[in-house]
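Have a look at this one before I ask anything.
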Amino acid sequence: MSELLGLENLRKVFPVRAAAGEPAGELVAVDDVSFTLPPGGSLAVVGESGSGKTTVARMVAGLETPTSGRITLDGEPREAARAGRGARKARARQIQMVFQDPYTSLDAKQTIEAAIEELLRAHFDWDADRRRERVAQLLAQVGLDKRQGGARPRALSGGQRQRAAIARALALEPRLLILDEAVAALDVSVQAQIINLLADLRAETGVAYLFISHDLGVVRQISDDCVVMHRGRVVEAGRTTTVLDDPQDPYTRRLLSAVPRPGWVPRRRATSGASA
Amino acid sequence: MNSWLNPPGADPLVRVSHLRLDIPVRGEPRRVLHDVSFEVGAGEALGLVGESGSGKSMTTRVLMRLLPHGAATDGDVLFDGTSVTGMDRRALRRYRSSEVAMIYQDPRAAINPVSTVGAFLTEALREAKVSRKEAEERAVALLREVGITDAPRRMRQYPHQLSGGLLQRVMIASAMLTKPRLLIADEPTTALDVTTQEEVMAILDEQRRERGLALVFITHDLDLAAAVTDRIAVMYAGTVLETAASANLHETALHPYTVGLLASRPSTVDVKRLWAIPGRPVSAFEAGPGCVFADRCPFAQDRCGTERPALRTVDDHQVACHRAEELRGRITYETGGDADRAHDEQTEPV
Amino acid sequence: MTAVTSTPVTAAPSSRLRRWRKVDPVLILSVLWCALTVLVAVAAPLLAPYDPSQTDILAAAQGPSAQHWFGTDAVGRDIFSRVLYGARLSLLGPALVVVIATTAGTTLAIAAVWFGGWFDRVLTRVLDIAFAFPPLLLAVLSVVLFGPGLTAPVVALAVAYTPYIARVVRSAALRERHLPYIESCTLAGLSGPRICVRHILPNVLPLVRAQAVTSLGSSLLDLGAISFVGLGIQPPNAEWGLMVSDGRTALLNGSPQESLAAGFMIIITVVAFNMLGERLAERAEVRA
Amino acid sequence: MTLTLHPAVSRFSGRTLWRIRAIVRRLAGAVLTVVVATFAVYAALAAAPGDPAVAVAGPHATPQRIAQIHHELGLDRPLVVRYFDWLSGLPRGDLGQSTVYRNSSVADLLAPRFATTAFLVVYAALLILLLGLLLGVLGGAFRRLNGPMAALTSVALAIPGFVAAPILVSVFALGLGWFPAVGAGSGFTDQLHHLTLPALALAIGWCAWLAQITRTALRTEKTSEHVETATGRGLPSATVFRRHVLRNAAIPISTVYGLTVAGLLAGAAVVEQAFGIDGLGSLMLRSVSAKDYDVVLAVASLIIVAFVVTTQLVDALHTVLDPRLRTKDGRP
Amino acid sequence: GGGGAGGKGPSDPAKPKLVSQLPAAAAKDVDHLTIGLPKGEPASIDPLQAIDYSTDLVISNLCDPILRLTPDFDLKPNVATSWKWTDKKTLVLTIRKGIKFWDGKDLTAEDVAYSMERSLGPGAITGGPLQLAKSASASGPYEVTVKFTSYDEQFVKQLAAPSYAVIEKAWAEKAGKNLGTAKGGLMCSGPFKFGSWTSGSAIELERNDAYWNPAYKAHARRVTLKPLSDSSALTQALVSGEVDGAWEVPPAVISSLKSVKSGSLHYGPAFQYLELSVADSTSGPLADKSVRQALFKAIDRKGIADVVFKGAATPNYTSLPPSSRDKGAEDLYAAAAREYEKANAYDIDAAKKLMASSKAKGRTLKLVTMAGDETQSQVAQLIQQEAKVIGLSVAIDARQPLQYGDTFVNPSARKGVDLTLTVGYNQTTDPLELLGFLAVPGSAYNFGFDDPVATKAYNTARGIEDPRERAPYVLTLQKRFQSSYHDTSLVAPYEISYFSDKLTGATTSMAYMFTPSLALLGSPS
């Protein structure tokens, strides 16, 4: 089977400056992570806070350079960032990203239309009419009307902003969309809207999702495959249904058992589990 | 006002009825709570559930009487028969220091970052003329109870040196220290991982039951609320829309909003296209004259837009919907999901 | 299918009207006063009854009268006219200082934030060093370099103010720099300069504006002080700080008009600038 | 930066080591600031027109005489050499010689003026602390006083020392005769008496600034969640104010106060001139225009060192006030 | 003199009564006096640096000059009891016996010769290219011989100046570089001893009880001199009574001091001048002589005297101030002065007529003044106004002291400068001193005037002792110089002083600088 995205033994180490009582050291945020994502597929990375999910996403996007390991897209290694104008644009058309916080993922000074148009102008040699057409099409695709398109983010609700962010990310028709906790900050009712929207968009455009989340319910809803991360390492990977219905790794089980559902009763595990 | 849970004669510990709240925004009063009514009996746990901005936190602030300057309330807030809004300074202080305690969503913001955990824990006791030694002993003992092993060391540490989960336990301990009768927990686990959330919830639940505390528990998560409370009140735009026993809320929800909320939560156990309540949650001040949920409600009729429904008893629920009886058991959504979904077999994955 | 209701959340005209009605009087007064002084500065030749540097030997050191509302100074110039004309240099200086310092400070700060690394470190260090220079020391040095007048103090204060503005803008720009919207611009393949100018700059601009207006007030005071010690604007030019200084002996002699009128203009104008800056800062904060 | 340490040092705990390192790094930064800044002063001075030798020699001097004086003063050597000469004199306590005050050592010129200015600055700093805090706390603690205090401080903030000075003199010195009108006095009480008006004139604007910062810091802190928590726990409002509001607001307040004190030394020049006090500020004004190199350098470095030291002290104070700064990044 | 009885000064501000000496103080001790120094703190009190008001005042009270200048500008013996030219190149001074330095040592010819040698050497600030004296040596225990390259009639007059004050040789040699500094002080024989000098705030003098000259024995036990260079600070100090008095009161504060009840202003004769000089007469608008002439005529000197000096100055129309006239030939100089007054009288019409044919109309003149000098600034502004009337615009370039000083010494610093303004005083009351500086090439204040006839007249005049004999040459020099329109003195300011009415005895003429004027101050009864 062909693969769109491939990660091989990806590792990221952050230097840690010296502090009181602690010498300078290193923090291994991501350690030996490998997985693949087929074209048009949807893969979720789950795990608790600090497990390295975002770091993986940022490395894939090119916002962070891996300490070691390889990232391939269509079998080709991703070339280094800041490579020059042409390369920069080519990269942009491969992968785009939607962030968690709808309040900071759009420029407050730009209307939604202007934000999308800016990208189109930078990437395509289109005339104004064609651009306008495409903007309208994208807005319709994510369920925003004309009025909302002409508004600045301040005038939009969280859900609407997230729709706008998705429209902008899709403007360049990327092969892969990275969604880092893209629905975590939304209200339940709005979250459902966006989850449905994402499902529809994947069906329509064939874009692949790399979906970062700590919410197992959302993961089940959105992804075909899933990777469970714990302390920077992959502890379990496979089809989402398999992993969630029949978890093999103790950590995955622990995670699943902690999710509230009807009939669930919270239980104490070890004493003083959290560290200082 | 009729009491719906407690047997007649036995006063509930907390009774909030027809609470209204206005807060000045740039000099003009803004409606934050329209009509909030609920009761909490002694030793009972009530879950306050609703989306962001629905007024859950504001309700608890009225209970604590920690309101912004210029806030105007209307309606009754009674604690053990005494009006909280009418208390004088001394009574209020006694009430706050020995009757209620509160746990916040973000413990890091709620604890003074420049004083030690120990100072934070003991200051209330010290204020009540408990000796330093005794106060510290009691604090350490409580820390142990909430599962903090090296308590004496933790006492000397500063908040920023503790993880979120530990800090929330410190908060729980501090709430227990003054032996209150009512505990208010405002989304105590939202900032935590699910595994930590389970721990903290377990401790909270355990402490509460041991001490027979009444609890007002605020959350977005209906499932979580159902697991730790006796009854649930669903809020929307500054109004309590429905109150019901936690145990069977999933099956018996009456209000279209409650049912919609339940249907829009993705489940860990099966995949189904979600029902998404159209539009976005509105704030209290944006709501029209009718039912606050009217413009998002698929079942709304003309009268829903003009006439605000009062909270009334239907079955053993309290519900504020004109069409409650009419729609009972008939709310289904065209996404393919149906209201009976909650009856499905629960497969425990562990 | 997913249902989406369109919720009009853009401010309706009525609410904008209401907002206008709610504008606080302090803000209105400040804006009015600033506008008034600027107007006076521009229209001084039309408003002033006398040429501000026309000496009248026969009418020297007179008290207030119908001809000379504020009296005349030691060489017989009309103080009222000088106060009006004084607005020109007294406002021009701060305006120049602020324009230069704001432009330089903002550019440096955004560049530092964008390039980061050693550039940022070096710049921060240089700014730290520049901080240690008090404006007055810079002004004195600048005056020996360029001679007294308007240029030297303006250059000095512009240099002295740049680090302040750069520091404020830098921290704001740093915040913006790591916000997702900037990262998504990077991901979208937009060029660095474009992101800096079209995205970071507009977002820090409200803060820059507030900072600039507040700096107007303090540079008015600083320039006044420099004129007062004789290093700034030189006679016969009219400038408020200089007039306070010139009028001091008369003040001791029981005719305080010159010092007081000029001092009053300084104080009120600075208050107006400060108020305006404060309100702008509040707004910038509200938006952030 | 790596430090090679004597084996004995290893007895210290990691924390101490880290502290020492931090202190050394800070000191290095401060020294660098002072050196670069004074060199900048030196270079600017050298670039300025005017020849101090002419002033020394008098208008009738011959070119030979001027050249001779150049040599005597070392002005015939390159700038950098002269600067390092000056710099290398510092450890010996040799601040150089004045050209204006013929043959006077800079230290002799500086000592009495520094004493005067230091008295003035300390006096003003105390006034600022007392009045600024008082006004700020009143405005921040009592809602009803907030508006009046805001108005009062924003006007006071705009009153420059050079406007305040002549008014204070006419009212309190010449009118009421309570205070002397000029000079710095000698002996503690006399100096206190003489410097009250100058200190007031110097303090007034800063005072307002501190009051404003205090007021806003208190108000911000008052609305913070932890203060609400404390109130919610039924602590008396006085306790809450003292332990939670004031204690935490002390951090921004001390920052501003530090900056204030650091700026006072330089700001004193204007007030000194207005009150006929010959202090550091007026010495600086005069020496710069006379290109009295060593004096300018000495005064400038005093001012800069004072600034650097105060800001470092404030930083150190912050570490005491704010435990979050004691570990790096404020992370657990 | 008027003194305390003189009341609040002259009633007509334009014509103040000039007084040289207030009535003598009662023979009674005064404990402590505080005197302001409006011209600021002395840079040094080494006689070699005696070229400004404050320095001169301090030195004159600490040290004895070789000759004494009376309040009416006459020369009297002091350290030298007599002086005699043995030939045209040799001057012999007889030194007074019995003078003791503060440390009790006798003042001898050695000390006098040493002091004079210092002042004749290159270290002195006063000398210059016109110096004719070559050396001084002790030719006996109480006799000093001065050698000249040629006869110099000015020299003896200079001996009353503080630059020729006598200091103790042995002490001075030991003190080395510390001499005259705040730390080192002086060792002299004057009526006051050097007490202490707190740099920046005060110089303390203590009475020398062993002073040899009873006429100048100090009344005050202690005198504090306070630098007060800011004019309003000075006013504040005088008005509040914190300072008992001051000489060199700036004219700007006259009106403030007039109203004070507890003290009085005094005006005395002075050898000061306010000079307007043409810096560039070869290029620029002022290359045209008639433009210079027109400018000189367009300036209202009386106006300057009245407004800027509040009447404490007399209008002047030549480069020479009245005080520089030789006593013996007063009438000759006065007659010449009247001529110049006619030629340079304020006459706008005449000035405009002179301008009519000129191409300079509408051009800008750069006038250099000293920054921070209120008097110069005001005068410059008046000139600016008046020049405008005849179609010349004046740009005022206020220069910092150092740069201002450079303007006179350094021709490159004069580039583009058309006019300079100077306020100064002479060391002697001799017309040749100022004319020498202005008209003889090679001198600092000579901006290119080079006329052999004038130079010859100068050299001849210097060799003639008798004032009446010398006058024609001086007048020739003056005429040659004046008719070239290179320079004019606008006004001759009076000495303005202010003293508390609790004090009298002050020398109120400018001779105060050269005499132990602080010693004479005492209480009126």
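Think of it as A, B, C, D and E in the order they're written, each chain with its own count starting at 1.
The rule is simple: a contact is a pair of C-beta atoms (placed from the backbone, for glycine too) under 8 Å apart; a residue touches a chain by one contact, two chains touch by 3 or more.
Computed from a predicted model, the values in this text were never measured in an experiment.
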Topological distance between chain C and chain E, in contact steps: 1
Of C-D and A-C, whichever chain pair has more C-beta contact pairs: C-D
Chain whose average C-alpha position is farthest from chain C's own: B
Greatest separation from chain A - chain, by CA centre: E
Interchain centroid distance [CA atoms averaged], chain B/chain C, Å: 50
Whole-Å gap between the CA centroids of chain D and chain E: 41
Rounded Å distance, chain A centre to chain B centre (Cα mean): 32
Multi-partner residues of chain D (at least 2 other chains): 49-50, 166, 169, 174, 273-274, 289, 291, 327, 332
Residues of chain C whose C-beta touches two or more other chains: 2, 4, 7, 143-144, 231, 248, 251-252
For chain B, residues contacting two or more additional chains: 161-163, 276, 278, 280
Interfacial residue positions of chain B with respect to chain A in the complex: 51-52, 147-150, 154, 157, 161-166, 193-199, 201-203, 205-206, 220-221, 223-224, 226-228, 250, 260-261, 264-271, 273-278, 280-281, 342, 346-347, 349-350
Of all residues in chain C, those that touch chain D in their complex: 125, 128-129, 131-137, 140-145, 217, 221, 224-225, 228-229, 231, 241, 244-245, 248, 251-252, 256, 259-260, 263, 266-271, 274-275, 278
Chain C partner contacts - residues on chain D that touch it in the complex: 29, 32-34, 36-37, 40-41, 44-45, 47-50, 154-155, 157-163, 166-167, 169-170, 174, 205, 263, 265-267, 269-270, 273-274, 281, 284-285, 288-289, 291, 300, 303-304, 307-308
Complex contact set, residues of chain A against chain C: 61-63, 85, 88-89, 91-93, 95-97, 99-101, 104-110, 118-119, 122-123, 143-145, 147-148, 151, 154-157, 160, 165, 168-169, 172, 193, 196-197, 200
Residues on chain A engaged by chain B in the complex (per definition of touch): 48-49, 157-160, 187-193, 195-196, 199, 214-218, 220-221, 241, 244-247, 253-269, 271-276
